[in-house]
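Can you read through this structure? Questions will come right after.
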C-alpha cells in the first residue's frame, strides 16, 4: 500500500515473537477448532470477526453461514480466527451495563428510523475530526445489505443508509479495509455481537486499538439471515421493491411499505431465528462506547447510552453544535427486552 | 502577437512561383538531397539508448515482480523456474517497448538491445519464455553497412559505413536504492507467515516454539533483497521498506 | 484462416507459369495501406523519403481493387473490423496480409479494451510485426518476409537461443503476490473540493451576484478554476446567464461521473471564454447531481454549440439523456455490437494477470473477442430517400478511402456543392477513458501518449502536468527546459505529419515526401533523447526519466539551423505553389464567430483571429522564460490555417534554439525531490527505482483539470481522484481534434466536394486523437 | 488478282534504307520468302506503323516510361524509386513485374457492373489510340516516313484523338460505381474544356503551315524553323491541352485517387486495370508524337552516319520521349486543381491563348 513512498517511517525491528493460541483439540487446524467449538455448536453469531482477520481472506459466508472451503490445504493455520472469535470461549454478557449518561436524542440533520442518533454520533465524530470515516450499513432495492464508508455528511443524502435492517451485514471485513485505508480513525455502528468482536480485535491487535476510535452499538433483539427473512416476509406479502422500513416495537414486527403495512408478532419469527442470536443475551451492546436504540424514549427520539469518554466527547460536541436535541429516556422501559434476551442463556449448551 | 496574412497572387507572382516550383524540382532532379536508407542492405544506426528487444539476466533478478506490475500492457507475466523462483516472460504481442520494466528493475536484470525489426509467422512465437530472453537472439541480417544521420548546421547528411552495426549494447546494469524490509508493529503480527511464503529470497523465517507456544518471526536483513513483496502482501500492513544503512 | 493462406500460396504455385507468378508477385506487392491507427505514422515514414518502400516494388495504392497486400496498422476497433472485412474481400486473389503494431496482435496496450478486435480472427494474417509503434525497418522486414514466403523461402526472422535456468536451492511452494492496484471501498467523489488559493475572490462574488438564487454552492477549487453547483432545473438558466453576462462562450469539456454507491451521476460542463481577456485561463465548472435511475438533463447545445458532440458521446457512454440534443439515442462513436454504456462502473473489463501458470495454453494470453458478424450500414434509408428527392447524391467517404483516414463522413451533394456533412467518428475509439480507470496512474502515461503518436510529447506532457498539479510538484528547472524542447520538437512533428497528409490530399506526393523527410530529422533528435522513434514515454511526474547528454543537445542545436534549408524547399515546391494557393485560399472559411461557437481550438482558432494560446495565457514549463510570439490570422480559410501553423513552427524552432542555449548552462537534477522521496539517488536517472517511486502514486481527493497547448490545440485532462485508490476514479480526455471536429464539419458547409480534402488537411484532423 | 511481283516491287521502291544493314540485307533479299519478309518489314509504311515509332516502340515505351517517371519523381523527392528488383540496372524491369502481376491476378467483375462493356472498353480503347499513328510522319523535310499520306491527315488524327474520352466515359458508366460516376462526369466536363482549345490550336498550325497533310506539316518546319519557334503560344496551349487530355497532374482530376479513388477505373482489377492503367500512357505517347510532329520538326535532326533514314525515326522517338518525360515529371511539381478551376482555365486562359495563336499564325502566314 503506502510502501516506501511515504517518508520518515519508524525504523522497525527484524526479529519479533508472536504468541499462538492454545488449541482445544490438538493436532487439528485452528480453523477446525473454531468450526468445532463455535459453528457446529450453533454458537456462531456471524459477526464475521474471523472473516475480517483471516490473512488468506478465504473464510466466506455461504448462505449466511461462515465457511472456509477446502481449508485443509488453504488454511495458513495462524490461529488468528481463534484469537479474535468472541464466542470461542463465550462469556455471555447481559443487562444494561454501566454508563455515564442515559439520554434520548433526536438528530436535526438526519431523518432515520427514530432519532437517527447513531448516524448523528458518527457524523459528528467525523466533523470534530475524531475519525475520518464511519461504517454504515447500506441496502439495495432488494434489501441486500452492503457497507458504506461515510467520509462526509453530504454522503448521508443516500436515503437507504438510515433505518434498521434486520439482516446480517459484513461490517467487520469492511472494518479491516477501513482500518488499512484510514488516516485518523474509524467509527463503526454494529450489533452487540459485532461490538464484542471489535473489542476482541482491539485487545488482540494494536492496529485496531489505535484506529477504531468510536464503536456505536445498537439495541438488538435478534438478526436474521437474508435468505430466510426475505422468503418469510414475501410469504407474509411484503413486496421488497416497495418496502420503506422495518421496525420492531411492542413485540410486533412492522414492515412499512409505500402503500400498506404488514404487522405480525415477533414470536412468529422465532422459527427462522439463527442459532447465534438464540444464545445471545446482550441486548444493549454492553461493550460499546455508546449504544443507541429506539426503546426507552419517546416517539421520534432514540435512546443513547453513553458508556465511554470518547462517546461523551462526541455528545458534548453535538450539544454545542446543536445538531440534535435531547430529551429524557427511561431505563426501565428496556428491562422487558433485556430480560427477554437474558432468558436465552439456557439455550447455551455447556459441555 | 504576429499576424499571418494569406498571399494575394496576381499574374506576375503566379508566374514567379510557377517558375520557382519548377526550378526547385529541376534542381532536385539534378542534385537530390537524398536521405534514403536502403534498408535490407543497410540499416539506420540507432542511438545506444534505443529501446528494442529486452534481455534478461537471471543472476541479477530478485523476482520482485515489479516489471510485471509496472507493465502498462500487461505483457510481462512471471513464470516459475525450476528453482522455484519467479522470472519474467515477455509477450511481444503486447509489448509496447516503453521499457518501464527496464527502468523499474532494481537489480538491473533486464537490459535493452537495439533489435527491433522482426516479423513473426504466428502469434504463439511472439511469446518469449524466460529461457529465451537470456542469450541475445539471432535475427536475419541482410545488411552490409549502416547509415548515420549527421545533422550539422547546414543540413542533414548521410554517413555510410561498411560493416554490420552492433545491435547488442553493453550498458552498466542499473542498481536500485538498496532497501530492507522491517516490522514496525510487532504486536499486530498474527504470524500468518504470508511474508515467509511470498519471500523470494528466503529471508523471512518463522520458528514455532512448541513449549512457550510462540512463533519467532525473523527477517534476515543480509538475505533480504528489499523486493517489498512481503510489505505489499502483509495482511496487517505492519511491514515497511526502509533504506539499508 | 489457415486455408485462406494456403489457397493464396496454391494460386501462386499453380500452373506452368508458377515461376513468373512468384517473381511478379514478389516484386509487385502493392499495399492497400489500411490506415487504422498510430502505426500509420510509421508506415508513412516507411514509404516516404526516409526508407522508401517503393524500392522493394511495394507501391502504396490505397484502393483495394488494384492492390494485393494489406498492411493493417494497429488497432482494429469493432467498427473498423467491418471495413477490414470489406476491403479484404474486395481485393483480388492472391493477396497477403501483414499486421504491424502490438494492438493488432494481442491487443498491445489496449489488450483489455471493450472496443477492439483481433485482426487474426477476421483476416488470414501472414506476418505479425511487433512494436508500438513499429519502426519503418520492422515494417520493411515484414515486406521482405512476405516476399520470401511468396518465393517459398521459409525462415524465421528471429532465432532465440534457449538457455536452461540455473537451479538453486528449492524454495518450498509459495504464494504469488496479488495485484498492486488498490481500490478504495465506496470512495468519496467530490468535484468541488475547496482549496485555499489567493485567487478568484472577486470572480466568486461576481458569480454569486450574477447567479443569485440559482446556484447551490460556488467553490474555488484551485488556481484559476472554480466550481458552481446547481440544480437540474436551474442549469439552463445558469448557463444562459454565464453565456450572456460572463461571456463564457465555449465548452471545453462535458463530463459525467457515475457514483453508483451514492446512486447519482455528476454531470459537469467545464466552460471558459475566448473573448474575455482575463477569463481566458479560467476554467469554470458547472455541475449538477442527478439520480441513477433514468438520468435526464437539459442539453446546453442551444447555448453552447461546442458541447454538442461531447454530449452525444457522454450519452452513449453513460446513458445520460441530454434532452434537446438531436443526436440522442443514435450510435455515434460506438459500433452496434459494442457493449452498451461501457463507462458505467458495473461494466467490468478483464483484469491484469501477473503469473504464467505451469503449462498454461498460450491462447490464454489473449482476451478472447468475438469478431463482429453483421455488416453495418451507417446511413439511414430515409436520409438517402430525402437526398434523392431533393436531387442530391449521397457520397460516404471512408473509413477506408485513399483520401480519408479512419473517419467516415456522409455527404449530401447537390451538383458539386456539399449540402450536408454528417461525421461518424469512433473508428479508432480505443476506450482510453475506461482503460485509464483500471490502471495505475503511471501506467496511463504511455496509454495517453497513444492519443496522437505523431505528437507524442505534448500528449505525454498534458497528462503528466495534470498529475503534477494534483500532487503540487515543482519540476526542476533543467527538466522544465528539456521538456519544453521536446514538446516543441513534437509540435514540429505534428505539423509536418499534417502538412504531409495535406499535400497528399492535393495529390502532391513531393510535399508529402519533404514533410516526412523533415520529420525524419526531428525524429532522429527525439530518438537520441528518448530512445524511441515516436513512442517516447519519457516525461514522468516530477521531471523526465533521465538526463540528456550534451552532444544530443548539440545535435538539437544543429537541427534548429539545418531544418530551415529543407523547410525552404518544402515551401517553394508546395506551400507557395500557385496550385496550392488556388486550392486552399478562401476555402472552408470559419469566421471568428463560428470558430468560437463551435469551440475549435489551437492554431485553427488563432487562424480565425482569436488570440488564444495556453502557452501565453497560462504559461507552463519554460515558456514564460523564453521569447516567442503567438501567431494569429484573420482569414480563417484553409490556407490561413495552414500558413498560421507554418509560422508557428518557425516560432517553435526559435523556442528550441533559445531553450537549448539556456539549458546548457543549467545543471542540476531532472527529477523533483518531492516525488523521489527517499530515492534521492535517482535524481538524474530513474533507472532501477521507477516502480518504487511512481508505482503507488495517489492523487489528493477531488477533480484535477489541466489544459495544455498540444500540437493541434487545447488538450484537456480532467482526473477525478478519491484520494485513496492508486488508480484514477475517472479520467476525462478532451483532445484537440475532438474539439475541432465540430468546426471541421461547419467549415465544410457550402464548400465543393473536392474541398473536403482541403479542409480535412488544413485541420490536421487525426482520428486516433479525436476518438481516443 | 494481285500481281505479287508488282506488290514486291512497290515495296522495294519504298524501302527504309539503312546503309549499315545494306551488305547484310542484299543477299537476304535475293532469297525467296525471307526476302519478301524483309521487304515487308523495311517497307516504309509498315516500318513506321509497326516498328518505329509505331506499335513496337509504343509497347516498349509503356514498359519504360512509368519506370522513368517513378525514378525521376523519386529523385525529385529525395528518394530512389524502384530499385531492389534489379539493383544493378536500377530496377528497370519493375514495370515488367507489375504488369505480369496484373496479368496473373484475378479480375473481379462486381455484380452491379455492365459485364460485357466493363470488359470490352479497355480493349476497344486501343482503336482510337493506335489509328492516329497511321498518319504520323516520323521523317524530316524532304524524306517523309509516313504510313498513309493524306491531305486530311491532321484532321483525321484530331478526330480519332477526340474519340478517346468517349471510351473513358464508357468505362466509368460500365463499372456502375458512385466514384466512377463522379470521375466520369469530371472527365466529361474536362473533355469540353480542353478539346476546343486543342482543336483550335491544331487549326492554327494548319493555317500556319498552309496544309493539313502530315508530310507538308513536317516540310514546313525545315531547318530550325520548328513550329514551336514559329508559334510558341500554340505550342504552350497544345502542351497544356495535352496535360489535361491525359489527366496528368495538375489536371489529374477525373482519376484523383484521394478524391474519387481512380474515378472511372475504381472497380477494375487484374489485367483489366493493367490496361486501364496504360491507357493514359498510350494517349500520352500519341499526343506527344503529334506534338513532336507539329512543333518539334518531326524527325528532323543530324543524320546519324550509317543509319540513314532510320536516324530520323530515332530522332523522332527521342523528341517524343523528351515531351513525355517533361509531362510525367509535372507529377512531382504540382498539386491537383479543383474541377471548376480546371474548367476556368480551359474555357478562359487556354481558349484565349488558342485564339491568339490563330491570329499569330494568320499574321505569320501573311508575312511569310
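Letters A, B, C and D name the chains as they come in the text, with residue numbers starting at 1 for each one.
The criterion applied here is as follows: a residue touches a chain if its C-beta (ideal position, glycine included) is under 8 Å from a C-beta of that chain, and two chains touch if they have at least 3 such contacts.
Quick caveat, the model's predicted, so the values are computed rather than measured.
Peer 1: As a test of understanding: of all chains, whose mean C-alpha position lies farthest from that of subunit A?
Peer 2: Checked the centroid distances; the maximum from subunit A is D.
Peer 1: Per the contact rule at the top, check every chain pair and give me the one with the most C-beta pairs in contact.
Peer 2: That would be the chain pair B-C.
Peer 1: Which one of the chains is closest to the middle, using the mean of its C-alpha atoms?
Peer 2: Answer for the innermost chain: C.
Peer 1: Counting only Cα atoms for the centres, state how far subunit A is from subunit B in Å.
Peer 2: 50
Peer 1: Determine the centre-to-centre distance between subunit B and subunit C, using the mean Cα coordinates as centres, and give it in whole Å.
Peer 2: 23
Peer 1: Between subunit C and subunit D, tell me the centre distance in angstrom, where each centre is the average of that chain's C-alpha atoms.
Peer 2: 49
Peer 1: Residue numbers in subunit A touching 2 or more other chains?
Peer 2: Within subunit A, residues 1, 3-4 contact more than one other chain.
Peer 1: Residues of subunit D that contact two or more other chains, please.
Peer 2: Subunit D, residues with two or more chain partners: 76-80, 83-84, 332-334.
Peer 1: Could you say which residues in subunit C touch two or more other chains, in rising order?
Peer 2: Within subunit C, the residues that touch at least two other chains are 49, 52, 55-56, 510, 517, 573, 577, 678-679, 692, 695.
Peer 1: Output every touching chain pair, sorted by label.
Peer 2: The complete list of chain pairs in contact reads A-B, A-C, B-C, B-D, C-D.
Peer 1: Mind pulling up the subunit C residues that touch subunit A in the complex?
Peer 2: Subunit C reaches subunit A through residues 182, 184-188, 190, 261-263, 677-679, 692-693, 695-698, 724.
Peer 1: Considering the complex alone, what residue numbers of subunit B touch subunit C?
Peer 2: Residue positions touching the partner: 1-7, 9, 13-14, 17-18, 20-21, 24-25, 28, 33-40, 43-44, 46-47, 49-51, 58-59, 65-75, 77-87, 89, 91-100, 102-106, 108, 112, 115-140, 142, 149, 151-156, 174-177, 179, 194, 197-200, 202, 228-229, 232-233, 241, 243.
Peer 1: Name, in rising order, each residue of subunit A that touches subunit C in their complex.
Peer 2: 1-7, 138, 146-149, 151-152, 155, 157-158, 174, 177-178, 181
Peer 1: Considering the complex alone, what residue numbers of subunit C touch subunit D?
Peer 2: Touch list, subunit C to subunit D: 17, 20-21, 23-28, 48-49, 52, 54-57, 59, 62-63, 65-66, 68, 90, 92-94, 393, 395, 401-403, 416, 503-511, 513-514, 517, 573-574, 577, 579-580, 582-583, 752-757.
Peer 1: Touching residues of subunit A toward subunit B in the complex: what are they?
Peer 2: So the residues of subunit A in touch with subunit B come to 1, 3-4, 9-22, 53, 55-57, 76, 78-80, 83, 180, 205-207.
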